[in-house]
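Each chain carries a letter (A, B, C and D) given by its place in the written order, and its residues are counted from 1.
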Amino acid sequence: MNGMRVLYFAWVRHKIGHSQEDISPPAEVKDIASLMRWLATRSPGHAQAFVQPAHVRAAVNHVFCQPDHPVRPGDEVAFFPPVTGG
Amino acid sequence: MNGMRVLYFAWVRHKIGHSQEDISPPAEVKDIASLMRWLATRSPGHAQAFVQPAHVRAAVNHVFCQPDHPVRPGDEVAFFPPVTGG
Amino acid sequence: MATIRVQEDVFDPQAEQVALTAGRADIGGVAAFTGLCRADDGLAALVLEHYPGMTERALAEIAAEAERRWPLTGCTVIHRVGRILPGEPIVLVMTASAHRQAALESCAFLIDWLKTRAPFWKREEFPDGTGRWVEARAEDDAAAERWRSP
Amino acid sequence: MATIRVQEDVFDPQAEQVALTAGRADIGGVAAFTGLCRADDGLAALVLEHYPGMTERALAEIAAEAERRWPLTGCTVIHRVGRILPGEPIVLVMTASAHRQAALESCAFLIDWLKTRAPFWKREEFPDGTGRWVEARAEDDAAAERWRSP
């Protein structure tokens, strides 16, 4: 498979308008930071969700990751606000 | 009333052989330390209980006290080992 | 070895304590923390969202870290999701150990780390139908930071 | 305001938590510590002795100190006396607060101070009929010392 599954939670999901999508980003999307920039171009909702990338957290394959973490075809990538459980 | 009530707990009680007594110590017994010295003369069990006064704790009228705390007629004085509740 | 559950239903701390201690005589203390839903600002309900699959993994890792750091005989973490009313419980962390300080410290550790390392998000609902996502708090980050390994 | 009890009977932590929280929506967390009887060295039973009259006063003072130091909505201390079998509970301390750290810290404070400031004594009984008074532990003094006011 060439694509990635992307999941959204909390207000990131609200702004984008859905909770997941399957995407096939171009080859220059190699890490979380460049994936966020590319996703921001997909719709006004996406643009709003990623307008301040520092406010968005990410996980790759169920593990929290920093913006320089690589993303690869087949990964499950999630974007969400800082967690507020407990 | 001229006397004091003295209570014993745990191994202090075991060594002395009873849990309380009403006593009328002489006038020179003015504090916990001198009361312990005087009590130690009352029986072999008392002597054994107070052989190491630093191992015995005291309370006067339900409040923990140091050896220099005064004792007066009418007081309830208790002697016991360091506490081990909880 | 830890018991980890994510569920919509209310939990029973006493049943969890019995499960953690039944038939054993090597436990000196059980520490428990129950987080409850406060009715701040006239809140009507909290709605708890999570990341299924990642949540269980994150909670298991937090519990495993507690078991590495302290000599525990057992550890239970239960977190509710869905709609939670004021006064209802949200989360339970419970630890058992031969030693009191191990139980108390690991219990505080678990709730502090859970608050910053498990993928849950709270939305407040108000009686007028409006809602608001709860923001992460700097105090929670500071509390978790206390437990960072040197 | 605190609930203080010295009793022979086993207690029910869940009933105490309900009593502390029922009908309220201003409590963010409840912290609880239950001390249990361990079967160390083949222990048959613990016999707990106390100083009636002084015990209740000492426990009330310890609880009042917790309420001075932390913003608690309630606090419960229950200590058993008499004969206690391995695996049975000995003591419960439970605190409720709007804030998690206040509940957790005051719960740890209460058990640490109770261990050094309340007039209870434990005697261990063994299957062969022998007995031994439990000695106070330096670790308990050190734990209590952490909470000394500056």
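As a convention for this text, contacts are C-beta pairs under 8 Å (C-beta built on N, C-alpha and C of every residue); 3 or more make two chains touch, one makes a residue touch a chain.
Not measured: the values here are computed from a predicted model.
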| item | value |
| --- | --- |
| Number of hops, chain B to chain D, where each hop joins two touching chains | 1 |
| Label of the chain whose CA centroid is most distant from the centroid of chain D | A |
| Averaged-CA centre spacing for the pair chain D and chain C, given as whole angstrom | 23 |
| Distance from chain B to chain A - Cα centre to Cα centre, in angstrom | 73 |
| Chain centre separation in whole Å, for chain D relative to chain A (CA means) | 49 |
| Shared-contact residues (touching 2 or more other chains) in chain A | 86 |
| Shared interface positions of chain C, touching two or more other chains | 35, 100, 111 |
| Each pair of chains that touches, named by its two labels | A-C, B-D, C-D |
| Partner chain C, residues of chain A touching it in the complex | 7, 9-11, 14, 59, 62-64, 78, 80-86 |
| Chain B-facing residues of chain D, complex | 35, 48-51, 53-54, 57-58, 79, 90-91, 111, 114-123, 133-136, 140 |
| List of chain C residues in touch with chain D within their complex | 12-14, 17, 21, 23-39, 86-87, 98, 100-101, 103-104, 107-108, 111, 143 |
